[in-house]
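Heads up, the next two complexes both have chain A, just with different partners, chain B and then chain C.
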Partner chain A sequence: MRLVDARALKSLALTAAVVLAFALSVLPVAHLMATVVYRGAAAIARNFPSILFDIPAAPGSRELGGIGPHILGTALLTSIAFAVGVPISLLAAVFTAEAIRSWERIVGRWTRLLVHMMVEFPTIVIGIAVYGAMSSVAPLVRALVPGFRPFSLLSGVVALVLVSAPYMYLQVEDGLKSVPQHVREAIYSLGASRLLTSLVLLRYLKSTVYAALSVGLARMVSETAALFFTAFGSDVYPPLDANLLFRPIGSLTLAVYTLGLSGYENWIELSWAASLVLLLLCLTLFGFSRLLLRGERLGYRSPR
Partner chain B sequence: MGSKRSTDFFCLASAFNVVLMLSVALVVSVLVLRSLPIIHRDGVYPLVTSVWNPTREEYGFLFALGGTLVTASLALLISLALSVGSAVAYAEFIPQKLRPAVKNFMDLAASIPSVVYGLWGLRVLSPFLRSYLMEPLSALGLSGVLGVPSPAGTSFLSASVLLAIMVTPFASSIIRERLLAVPMHVREALYSLGLTKPEVILLELRYIRRSVLTAMAIAFSRAVGETAAVAMVVGNTINPNFFRVFSPGYTISSLIADQYPNAEAYYYMVPALFYAALAMFAVGFAVNVLLLRYGERR
Partner chain C sequence: MRMGATRVIVAAALVAIALGALGMLLLQERGAVPATTTGTPTSETAARQVYIVGGGATFINPQMQKWIRDYMEETGGRAAVNYQSIGSGAGEAKWLEGTLDFGASDVAISRAGYQKLLESGRRFIQVPVIAGSIAITYNLPEFAQAGCVLRLTGGMVADIYLGNIIKWSDPRIAELQEERCRSLLPDREIFGVHRSDGSGTTALFTMYLTLVSEEWKERVGYGYTVTWPRDALGLGEGGRGNEGVSAKVQSTPYSIGYVETAYAVQLKLPVAALRNRDGYFVFPNETTVAEALKRAALELPGPQEFWGELPLRHYLNREGKLSYPIVGTPVVFMYLDVPADTARALYDFFRWVLTKGQEREHIVEGFIPLPKELRARALQYLELLVAPR
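Up next, the complex of A and B:
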């Protein structure tokens, strides 16, 4: 009888430990979301709607100002990086998955291996490498663009492409690999060229592709470390002229970082506001990709 | 399917593969090339000394390397308990109806920007840990061993706890999937021996231990490279006693993030930061190679 009691006690203790671990892994994140929503909404409500357009007020003043330049910066950085990164990752994925000849297969295999490596690169490493490359070519670029500095929108875009393209590439490539062979052969049997076949396959995998793209976009929006050395950050609006690409620019993530670490109450409030905007953006993209993947499960799988 | 056909338009797509491959090569080669000046000058000296004195152009970043290893290891220990525990809770105790919600919540947690974790860590977690963990333990006389907490609570410990919270959703999702995939006949065989539920769970965990190791290794390499969140809570102070976890310090990633604005003002600071990045890269890379060798096949 005592033996059974000891086992029952042990059982109870382990159950309690497991439930505690579960609570400890969920509650902090829940607290984080609640805090960001609460403090971010308070800050935004205090200066709505001009908080979305103004520049930050002087540090330590009673005014709040806004995060306008950072919203603009994130919009510019991500839209340009998305426009550059999507074709690269989609076409590279198509080529890897549809390679037939031996040289094509070799190229595909190496791309896959190297991109697998790059996915695990710390993003600060990518950022500092882009900075290194940009500062090496800066003297040459200055011949064309006198004001060029490695800290610029252009560097930020390059860094964001390098951070997110591997994700999009791997997801789309995995999707293409999972297409049943008979579907591919059916398309070829209609006399389609390989290029056309790839495009049809991408349409066939529509939901996977869109989900991959929204994950890629979310990574661009939420990236901080790769932008330290590249976009550099700025609290004012850049002049909208031909040199826009070659000047430093702010982003929401850089705003959360610098304003949050500043130690001035009004700037910390702005940092919470920027966090809330970021959280909402990520939540939207996350929900979007979930909806798409739910559709996919019912969609393209062959009945076999 | 046209293996004899001449080059078609499709082959042009290979250009984008080349772009991706070249960018990987670019990242690695820039890291090596840009750190060569300081490697030439100092060799391995920066890796084994803790003197960071830009005005005299002395850059030893052992304090940051140690800080990285200490925070990542401590985060790994905390996260091991949390992620295994929550995966088991998910597989055994959470009712079927609640599972999709829990799963979505965990996946969402993994997609929150790290800088948002950083802000919360700085403003909420660090003061909390200071008041309820570090100060009581220091009062018991442990500050001699574990260090003196800073006023804001920023410390190696805060960084570790924050990292653990950040990597747990991801690590837990891997373990959870494998735990649910333990074959039914294995589970039934264990129960048929008359074992209690916890005893079965422990044996199941042994059954999937390779997956647990894999999840932990990936978590470790992410913890090593994580920047924005760590740089906000680790305190950013040069602290050679990186094993005093209550005290503030630096990790390599936070050193780079904190020093970049003034790096160009010094002659050797940029190469030194590249060297530090290279060292961090090497640690992460070693973990990934070990993973490829000993981890589960995916």
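Up next, the complex of A and C:
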């Protein structure tokens, strides 16, 4: 009898410990999200909907202004970088995963190795490297585009692609490799070309691919360090003309950083608003990817 | 779910695009985004929007942003100026690399940067845009309660940071104070707070200390960062940025620190009265800062000379009953050999900054406009941008 009591007590104690550990690990995230939602929502409610379009008001003024240029910048940066990064990472993944000839395998191995290295790079290093590369080609580019600067939307896009494409590549490649060999053989046995086979495989892995892409997109949206010396930031709207690609642009993440560190109340409020917008964007993408992955698991269990 | 995935994504993309388009429309309507290509292609100056990019000193960022907003408003959005606070050092470096139209620094172009400029053979100008000063702030609960204000001399500040003066009750400090406050000085060790990051504020502050203390000049010197002798005694510590120093002084009783006056004003920190060269105790404010700076106007070096020691030679510890001793001017630098439209845009913006921009309504609280003597000199230099070449 006494033994049972001791066991029950032990079990209870351990359960309690696990629950406590869980609560402790969730608490910071929950607190963080709650604070961002609370303070961000308050800021956005104060100046809705102008806060989504205006430029920040002067520091210390009673007005709030908005984070329009930063939202525009994040939208432009991520959409262009996404459009560029997705084909690159998909093509590379297919190439390395479906390599057959020996030279393809060798190139594929090196690609994989380099990508694994690139994923580990601190993003600030990527940003500085892109800045360096852009400055060295700037005199040449200026011959074509007089207004070109290393601080530009273009540099930002290059940096974001370098930060995010490796992630997307690795996930898609893993997915492709996990496809059982007999599936591949089945497709080939129907007389499909390599191109067609790759397309069928990507379709087969549709959910994995979509999930990889939404995680990649979330990384682009939330990237800060790589943008410091590339996109540079902008608190005003750049002229929306043909040279837009060659001028600096703002981003939500940069806004959170610079406005938040300023010490002026209205700017700090804007920083919270920018945080909330970022949080919502990332949560949406995250939720999206979970949803798609769940779809995949179901799909595997009941083919057709 | 699996069937719907593609459709969901396409729908999301469409919604995003529609939202973006709606936003842009709304913006055009509100005039926040200037329509760049004005619909009517009449022969009159196609109102192309001018755009300039600058970066540098963190300290002037709030004031810069205020100017930019007011200027853009006044020009009806025809001009856009993008200034990012990347720090004085980065501002100088990126400007030298030709990435920025203008750079800004708390002090001036460094010796190394100036060498590079000379080697490149490019023509440039340096222009002061606003006045700044450094306040000595402190945390003495006894003084705060009694409504006393701390008085200090520059030499004493140097002695505190050197570790020669250990306690608040030191007779050298006591004899400066008002009689009723003298006995309130606590028998406590002074905790000396300073900037841990490289900063123009530290450069200016330490330059001042080299002027008022021989020992400081020999043992420590000046720079964006220096080795603080008081730290070695365990009686000092660094804080990151003006905000870090302010926070540390506020939370540490019996401490002393130095911050940009704008911060001290904004955070309502107690500010010490400093004895100037003529022996008067003065606070940093618009009058005392202008008084010190106006004397430097006539001695301002040429626009292309080395300005690195400008504060040391011309700004700090000036004579005059009302002169505050630790003053400086953030400096903006730009190249002269740039395309004519860029030069014009820079000229228009900084001309506005140095004239209308110095009026009270365009100045952020805590910042101090340039005295008119210095403004006149700065405007002369600015004219070089639009001089016939």
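Everything below uses one rule, namely that the second predicted complex is superposed on the first by the 275 of 304 C-alpha atoms of A that agree within 3 Å, B and C clash if a C-alpha of one lies under 4 Å from a C-alpha of the other, contacts with A are read in each partner's own complex, and residues count from 1 in each chain.
Basically, contacts are C-beta pairs under 8 Å (C-beta built on N, C-alpha and C of every residue); 3 or more make two chains touch, one makes a residue touch a chain.
Note that the coordinates shown come from a computational prediction; the quantities given were computed from them, not determined experimentally.
**Student:** Should the superposition on chain A be reported as showing a clash between chain B and chain C, or a fit?
**Tutor:** Clash: chain B and chain C overlap once superposed on chain A.
**Student:** For A:260, decide between first (touching chain B), second (touching chain C), both and neither.
**Tutor:** So A:260 only meets chain B here.
**Student:** Between chain B and chain C, point out the one touching more chain A residues.
**Tutor:** If we count touched residues of chain A for both partners, the winner is B.
**Student:** For A:247, using the defined touch cut-off, is the partner it touches chain B, chain C, both, or neither? Pick first, second, both or neither.
**Tutor:** second
**Student:** Return first, second, both or neither, reflecting whether A:178 touches chain B, chain C, both chains, or no partner chain.
**Tutor:** In the superposition, A:178 contacts neither chain B nor chain C.
**Student:** Just chain B (first), just chain C (second), both, or neither: which does A:25 touch?
**Tutor:** A:25: touches chain B, not chain C.
**Student:** Is A:36 touching anything from chain B or chain C once the two structures are fitted on A? First, second, both or neither.
**Tutor:** The first partner, chain B, only.
**Student:** Just name the clashing stretch of chain B against chain C, choosing from 117-125, 153-161 or 261-269.
**Tutor:** 261-269
**Student:** Going by the contact definition given at the top, which residues of chain A touch chain B in one complex and chain C in the other?
**Tutor:** Residues common to the chain A contacts of chain C and of chain B are 228, 261, listed in rising order.
**Student:** So in the complex, the part of chain A that touches chain B is made up of which residues?
**Tutor:** 7-8, 10-11, 14-15, 17-22, 24-26, 28-33, 35-36, 87-89, 91-92, 94-96, 98, 100-101, 104, 107-108, 110-111, 114-115, 117-118, 120-126, 128-130, 132-133, 136, 162, 165-166, 169, 188, 193-195, 198, 218, 221-225, 228-229, 253, 256-257, 260-261, 268, 271-272, 275, 278-279, 282-283, 285-286, 290
**Student:** In their shared complex, at which residues does chain A touch chain C?
**Tutor:** 50, 52-60, 68, 71-72, 75, 135, 138, 146, 149-151, 206-207, 210, 228, 232-241, 247-248, 258, 261-264, 291-292, 294-296, 298-299
**Student:** Which bits of chain B are touching chain A when the two form their complex?
**Tutor:** Touch residues, chain B against chain A: 1-3, 8-11, 13-14, 16-21, 23-28, 30-31, 33-34, 81-86, 88-90, 92-94, 102, 104-109, 111-120, 122-125, 165, 168-169, 172, 196-199, 201-202, 218, 221, 224-228, 231-232, 253, 256-257, 260, 273-274, 277, 280-281, 284-285, 288.
**Student:** Which residues of chain C touch chain A once you look at their complex with the stated criterion?
**Tutor:** Touching chain A: residues 1-2, 5-6, 9, 16, 20, 23, 26-27, 30, 32-34, 36-37, 48-49, 51, 53, 55, 61-62, 65-66, 68-70, 72, 80-86, 94, 97-100, 241-243, 263, 266, 339, 364-365 of chain C.
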